[in-house]
Every structure is written in structure tokens, then in C-alpha cells.
Amino acid sequence: MRNTINLRLSWVNAWLLLTPAMILVIGFTHFPAVKTFWNSFFSTPRGKRPAVFTGLENYHYLLQDDIFWTVLKNNLLFSLGTVPTSVCIALAMALWVNGKLHGRGFMRMAFFTPTVLPLIAVANIWLFYYTPGFGLIDQIRSLFGLPEQNWLGNPDYALAAVIVVAIWKEAGFFMVFYLAALQSIPPNLREAAQLEGASSWYFFRRVAFPLLMPTTLFVSVNAVINSFRLVDHIFVMTEGGPNNASSLLLFYIYETAFKFWETGYAATLTVVLVVLLSIFSVGQFFLVDKRIHYR
Amino acid sequence: MRQVDYGSSLNLIAAWLVALLWFSPLAYALWTAIHPVAYEVRFDLTAPLTFENFIDAWAAAPFARYFLNTVILVTMILVAQFVLCTLAAYAFARFEFRGREVMFALVLVQLLVMPDILIVENYKTMRALGLVDTIVAIGLPYMASGFGIFLLRQTFKTVPKELEDAARVEGAGLFQILWRVYIPLAKPTYLAYGLVSVSYHWNNFLWPLIVTNSVETRPVTVGLSIFAAVDSGVQWSIMNAATLMTSGPLLIAFLLFQRQFVQSFMRAGIR
Amino acid sequence: MKQTRQRMAALIGAVTLTLSVAMPAQAVDLQFFFPVAVGGKAAETIESLTREYVSSNSDVNIEAVYAGSYQDTVTKALTAAQGGKPPQLAVILAVDMFTLIDEDLIVPFDDLLSDADKKDWIGGFYPAFMENSQTGGKTYGIPFQRSTPVLYWNKDAFAEVGLDPDTPPATWDEMVSFGEKLVKKDGDGNVVRWGVRIPSSGFPYWLFQGLTTQNGVILMNSDGNETYFDDPKVVEALQYMVDLSQKYGVMAPGIIEWGTTPKAFFEGATAMMWTTTGNLTNVRTNAPFPFGVAMLPAKERRGAPTGGGNFYIFKDSSDEQKKASVDFVKWITAPEQAAQWTIATGYVAPRPDDWETPALKAYVEDFPPALVARNQLEFAVAELSTYQNQRITTIFNDALEASITGEKAPQAALAEAQEKADRILKDYR
């Protein structure tokens, strides 16, 4: 008898504990997601004209919108360019800082600075780096007699240039996760390996790296999500140019919704973004998760 | 043996090169901030020093107000996240109830589809609530964080049930148990999560850009972007002075305590 | 929350009612949004002018709200209107006029003015500025914080290569021939100084409109529902811009960043630059060499677009508020205030009689380059502005960028842009 009351009470308590958070989670994630999906079938309301149901018209337009395809391709390249690189660099940084290198105190600080500086402000500094002629990169190139190079104003390089900035921004943050993981590897494992004469590379490959696999999964899922979310520097450095060569999906959604006031079409673009994110992260999870088990 | 030495010095050089590259934007910011505008792109060691850029930046835009807004914003989000996520995580970790799995799955969805992406609809919601251009509106979508709930749930699950039972025997209520048993044991998680949250919201730009439009609500990031986007072109000296002034406190705090941060990440099991 | 607010509103309403019964001459409240797009004292000046006006007019109370950039201001005004609380008055980009009409948010000034005012006051602005303020025979905006692009040149560089330091290029051909002389290369054959710099990042259409105007063609009709992007003369203008780097080698290739252009000028990385008059004070302060300011060079004619904002009066205001708004706009654009504004910011004073004030006369005597922009107004045309303005200009910008970077030939890029623009604008014809 007492047990059942307790159980019922605990049932009520659980929901009481949960409700405030669930209202906000659903209110700002699920509700807008569903509404976005719903609105993607409507035209944009304007002035006194309300939105009208247009069926698949927005999706039809999407298929014909060559900017959308450019931006989608850019974003896939952006993910491909940022995710593996920033994860690898983060791991290398963690190994360096965790080792016994000279100046590792400075290194740790250096790697960590991008996490604390706002990207929107630092993008101006990168703008200087990339400026043709008197920019930092060109000043260094001119020491070797190389001509000036317009990194951001050339469609062949603009995307690569913003990818570099994203890697710079992210790697140091991911390093912290690796560092925490490395430090929790029991030291006697390494000692045992050393006793048996294993090289440090062998130890890393056969012992440390497999143990770091969960961290790698966590970090790379985050990196994928960030690659669809990190657009701050685009505002400052290229505004998506030249001719959308460095524009990303979220930036295009922002422009469509808040510059062109095409909220109906922006909803359609958002649906694509959400679907893409789901496919990528879930796929990655299964892919990496399987490997962890097989090792 | 010699080969190993060769490899390790190469390793050291690589580490230093990456470190210098990573540090260089901050170094450049410092350089421009303390030298006259004419030395923005000239690295002449004899360049005169000046404090002028800080004064100009301070006078050119209401940075004190922006800074205050950011501090209010970050504090508000952090407190709300701690409270809401703790309650929800406790429910997920220690209660059996119908619908738990479904609710938890809904929470996990937020790890994937962050509010940053649903800017249009969230904006409409804020408009319907009459909250556009308020600091609350910047924070509200992030207050119930899927990541926070997930992390705290993991931590709470590692707390031995006996501790809770013992407290219960002593007559502690639900909140007392949380306060006396769970929260103290989850301190590293709070610290680690707090760091991620603060650095994220201190630097967040897109959503605040959309939902604010006055001096009284704008956080530092949006203030800096408006300040930079003028017809007269980029003025790195003043811009960087402004950046350093507004990010300085956070930067110093993080640099001083970075070792503790890594440890808290380690103990929190975020790795 | 909502209830509290309603109760508050009721309370305030009651109080206002009592007050208005007690004092029949209740002051009119106005909310006024304004943007700032230049550094310096712009926001401060608007606020102090507003205070000055309010202190000498007890029947009106104006709350001046600094809303951020132009983009922020239009966003803020649009959303406030959708939420049922528009401002009564705002300064918003002149090119957003059609958007505001489309959203049914603003009223023409004509209905609020006497016939004499229409003639003397509205007729007293530079016609070039009014082109972006009028459509369908009505005046929807009053020019405020307007600018126009001009050419800045480095006199030392001119002297160095044997050009007369006091004679800027007057024609397209001269800009090329001067430019060819001014290009300087180092020992490795790498360019260290370009001849000219026409920034093309972000909004290339604006400076490009200088070229099209000079080539004797306009980009859109005054109803804002037709564009002429594929006109052969537009193609020719774009070809010239492309040729500056591809054929003549006097301008750096690729997209040229707007924000770094003044610095490139100061660093001697370019001998001439096209940019807004809004940069006058910046160049005056930071150029380490003597410089000149000139009108943009001519092809068939001189020409430049205008740029900047308008005052707009919002529809959803009471008659008293509209009238009070008109009075305030009249006052702040009157010569004395306009002069003060121009000196503080570098924007072009919008009326000929502004330039007759002693303050402005003294200012241009001290700094004659400030006159160049005004003199150019004679040749200036409306900035590209249509319905769905941001979309249309983005389409056009993309086409320009594609040609400048060599992705597409000017002819093909512009034909494509015209086709896209037609598809959007056909609903407005």
C-alpha cells in the first residue's frame, strides 16, 4: 500500500521536476521544428496578404534555385574541410600539451584562446591576414618574392579561407575534451607498455587511441553540428561572396528570412538543414559506434 | 635512439608552429590596440605606444552597456540552465515513470537541432510573447539545454543509491536530497558544463543579432559587429581595442584557471 | 505577464485620460528610430538635435531610438509594425521605400502638407536625392544622411610618375592611362601599387552604378517594377570594370574588399580609390600624404548614384502624431540643422539653401573637398531600388561578382540576372 502511494507520488514528482525544462525544450526545438515544416508548404505573408497554402511550390523552387545548390555544395565541403582536420589537430594539441614539451604552458594557452575570443570580432583580424598586398599572409609571401593573392575575393580560395578560420576557432575547444580523456588513462598502462619495450607511437596506436574513441565520437558529432551552425565569420569576411562561393546553408537561411523577408522559403531551407543534420549525425554515430565495439 | 630524437625535435617544432599560429590573432589584436593607427599593418618594433585606441573605442560605442548586457545574459542563462537541467536530469536519472524514454529522446533531439538553426520560428515565438528586443529573449531558447540534461543525468546515475536512501531515512525531502547528495557530488560536471555554456553564450552572435535591436539589450558580440560595419572601413586598432576590453575579463579568467577546467572535464567524465 | 501588461496599459490609459482632461494641450508622443552607418558623432548629434527641438517645442515629446545599422533599423521597424507597435517616424534606407510601401507601412508626405509646402519645401531638395524618395507622383521619404561616391587620389603618387598632382582623371580613358602609369612593380615583377581600386565586396552594385550612369543608362524605372540589367550599355560598363584588371592591369583582380579599401589607399597600395563621401573625415585624418577628392570620371556623361536614408512617416499613427512628425522633419532638415549635421558626419546636406548657411560656408572654405559631392549631385541619379529590393540587388550583385571573378562573361551574367529579376518583379507590374 505504502509502496503504491510512493510510486504514484514519485510519478507525479518526476513530471513536476521535468515539466519546466520540457516546456522550454519543446517550445524552442520541437514546436518550431514542426512549425517550420508546416510553414514550408505556405507562401510568405506580406503586408495585408496572409500566407496561402502552396503545397510543394517552395520545394519546387528549391530544386531550381541554383544558389541553394551552390550553398549546399559549399556546406558539404565546409564540413569535409573542418571536421576531420579540426578533430585531428585537437588530438595532436592534446598530445603535445599532455607530454613534456618545452613551453607547453604557453601552448595550452595559445590553443585555448580562440574559444574565448568572439569569432565575430576575430574575423576582422583574419580579414587582415587575408587582405591582398599588405595583409599578413601577403607580407610573408612577399619576403619570398611571391605576388599578392586575393584569398577572399577569388571563388577558388574563398571557401578554403573561411574553413581555415573555422578550424582555428574549434580545434582548441575540442582539445580540452581530448586532454581530459588522456589524463584519465591510467598511468600504469603506459608504464607497463614501456616495460615491454613498446614505442610511444605503438602505445598511442594500440592503447591510447582506442581508449579515446568515445571522445572522438563525441567531438566529431559536435564538429559536424558546428559545421552547419558556425557562420559568424561569414558576416565579416565575405558576406557569402564572391557570387555565393563562400556562403553556407545557415547564412543563406538568414539572408532569405531577414534580408529578403521570404520566411516561407526560409522554412523550406531550414527543413533541408535539419534533415541533413539528422542524417549526418545519426549516420556518424552508427559508423563510429560500430568501430568502437569491434576493436 | 638518434632517430627518435630527430622525430621528437620535429614534433616540438610542429607544436610550436601551431601554437604560434593559434596565438597570432590575439598577438595581433594586442599589437594594434596599443599602437597608433598608422602601425596597424606595419610591424615596426620602434613604433610608439599609445592608449588612445582604448579611449576612442570606449567613447565611440556604449561598450560598458554591451558588456553589462552580456554579463546579465550569461549569468541568467547559466543559473536557469543549472536549475532546469538539474531538476530534469534528476527525474531522468532516478525516477521510473511512463514516458521517460520518449521524453529523454525528445531532449536528445536538441543536441542535434539546436535553437540556433530554427531562427525564423523562434523569432516568431518571441514576437508572439512580446519579448523581441529583450535580454530574456536571447537566453530563453537555451535555458533548457539538452546537453546539460544529458551530462547531469550521466553524473547523477553514478551517485550510489545508498547515499540517497540514507538521506531519506534521515527524513530529507526531494529537494534536500538533491541539494545535499547529488549537487555536491556533481560539482565538476557543473564547472565543466558552466564553462562550455559561458564561453558559448559570451560569443554567440547570430541569434542575438536577430532578436535584439537596441543598446539596452545588445550583447557585446552584436555591439562589436555594428561597430565594425561602418562605411569608413575596418579600423583594426579601435576594433581590437574594443574586443580586448570586452573579452579581456573572460580571457584572463579562462587562462588563469585552464588547468582546473581540464580537471573538471576529466572528473565530469566529459571526454 | 500579459495580464500585467494589459493592466499597466489600462492604468497608463486612465492616467493619460485624466491628464488630458486636466490639461487640454497634451504633448504628442513620437517614437523615432534612427540608424548609424558612420563612426564619429552621428548618434550623438541626432540625439542632441532631438533634445534641442523638444526643449523648444513643449507640445511634442520625441523618443529618439538608436536602432543600430540600417539593416537593424528596417528589421526593427518591420517587426515592431507586425507586432502592432510601429514607430511614428524612422530613418531607413532610401532604397527600402518600395519594401515599406509593399508592407503597407508608410504614408506619403503629400497628404500632410499644404500646397505651398509641397512646392517650396519638397521642391527645395536636390532632385537627385528626391528620385529615391518619390514614386507614382507621391513623396514617401525626405532625404536624410545621404552620400554619394567620389574618387580620392594620392597626389604624391601622381607627382612620382610625372602626372599633374592636381588633375584627377576626368574620363574612363584617362582613368586607364593614368592607372597604367601609376602601377608600380617591385624587382620580382609583383605589383606593389595598383592604379585604382573600385571595391566590389558586399554591395558592388552601388559603385558599379557610377559606371552605368556615366555610360548613359539607368538600371530601373521609377515605379520600381522593372530593371534593365541586360542593356548593352550596362554590359559595356561591366566589361570596362572587368577590363580594368583583366585587360589593362590597373586594378587588382578578384573581388576587392570594401572595408580594407581606405587602408589600402593610406598604405599606398592603390593610387586612386572610389568610395563614399562618408570617408572624407577618415581620409583627412589618416592619409599620410596630400590627397585630392574628385567627381567620378565621365564616359558619355558624369554620373554617380546617391546613397543613404530617408525619413518615413508610419501609417499607424494618429493625425496629430503625423503632423508633429512632419514638423520635426521640417525642422531637422532646415538649413541650420542640416549644416550642423553635415559638419559632424560628412553626409551631404540635401538642400541647396543648406549650403548658403554661414556655418557650412566656413566649413567648405576650410575644407574644399567637401564641396565635390555636392557639385556631383547635378549628375547623380537614384540608387538601384525596386520592389523586393534586397532580393533584386542580391541577384544583381551576384552577377557582377561572377563577372569580376571571371566565372561568367558580363553579357551572360547580366542576361541571367535580368531574367531572374523579371520573374520576381512581374507580380508588381
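First chain written, first letter: the chains are A, B and C, and each begins at residue 1.
Here, a residue touches a chain if its C-beta (ideal position, glycine included) is under 8 Å from a C-beta of that chain, and two chains touch if they have at least 3 such contacts.
In this text, all values refer to a predicted model and were calculated from it rather than measured experimentally.
*Asks:* Can you list every chain that touches chain A and also touches chain C?
*Replies:* Chains touching both chain A and chain C: B.
*Asks:* Among the chains, which has its CA centre at the largest distance from chain A's?
*Replies:* C
*Asks:* Centre to centre, by mean C-alpha position, how many angstrom separate chain B and chain C?
*Replies:* A distance of 38 Å separates the two centres.
*Asks:* Express in whole angstrom the distance between the two chain centres, defined as the mean CA positions of chain A and chain B.
*Replies:* Chain centroid spacing, chain A to chain B, equals 15 Å.
*Asks:* Which chain C residues sit where two or more other chains touch them?
*Replies:* Answer for chain C, listing residues that touch two or more other chains: 75, 259-260, 263, 267.
*Asks:* Give the residues of chain B touching no fewer than two other chains, as numbers and ranges.
*Replies:* 40-41, 228, 234
*Asks:* Return the residues of chain A touching two or more other chains; collapse runs of consecutive numbers into ranges.
*Replies:* Those would be 127-128, 134-135, 258.
*Asks:* For chain C, which residues are in contact with chain B within the complex?
*Replies:* Going by the criterion above, the answer is residues 1-2, 5, 36-40, 65-69, 72-73, 75-76, 79, 82-83, 147, 258-263, 266-267, 275-276, 278-279, 281-282, 286, 288.
*Asks:* Where on chain A does chain B make contact in their complex?
*Replies:* 7, 10-11, 13-15, 17-18, 20-33, 35-36, 39, 89, 92-93, 96, 101-103, 106-122, 124-128, 134-136, 139, 168, 171-173, 176-181, 183-184, 214-215, 218, 225, 228-229, 231-232, 235-236, 250, 253-254, 257-258, 263, 266-267, 270, 273-274, 277-278, 281
*Asks:* Help me check something: in the complex, which residues belonging to chain A touch chain C?
*Replies:* 46-48, 67, 127-128, 131-135, 142, 145-148, 150, 152-155, 238-239, 241-245, 255, 258-262
*Asks:* Which stretch or stretches of chain B touch chain C in the complex?
*Replies:* The touching residues are 37-38, 40-41, 60, 127, 130, 132-133, 213-215, 218, 222, 226, 228-235.
*Asks:* Could you please specify the touching residues of chain C with respect to chain A in the complex?
*Replies:* Chain C reaches chain A through residues 71, 75, 78, 99, 102-105, 186-192, 200-202, 252-257, 259-260, 263-264, 267, 269, 388, 390-391, 394, 397-399, 401-402, 404-405, 407.
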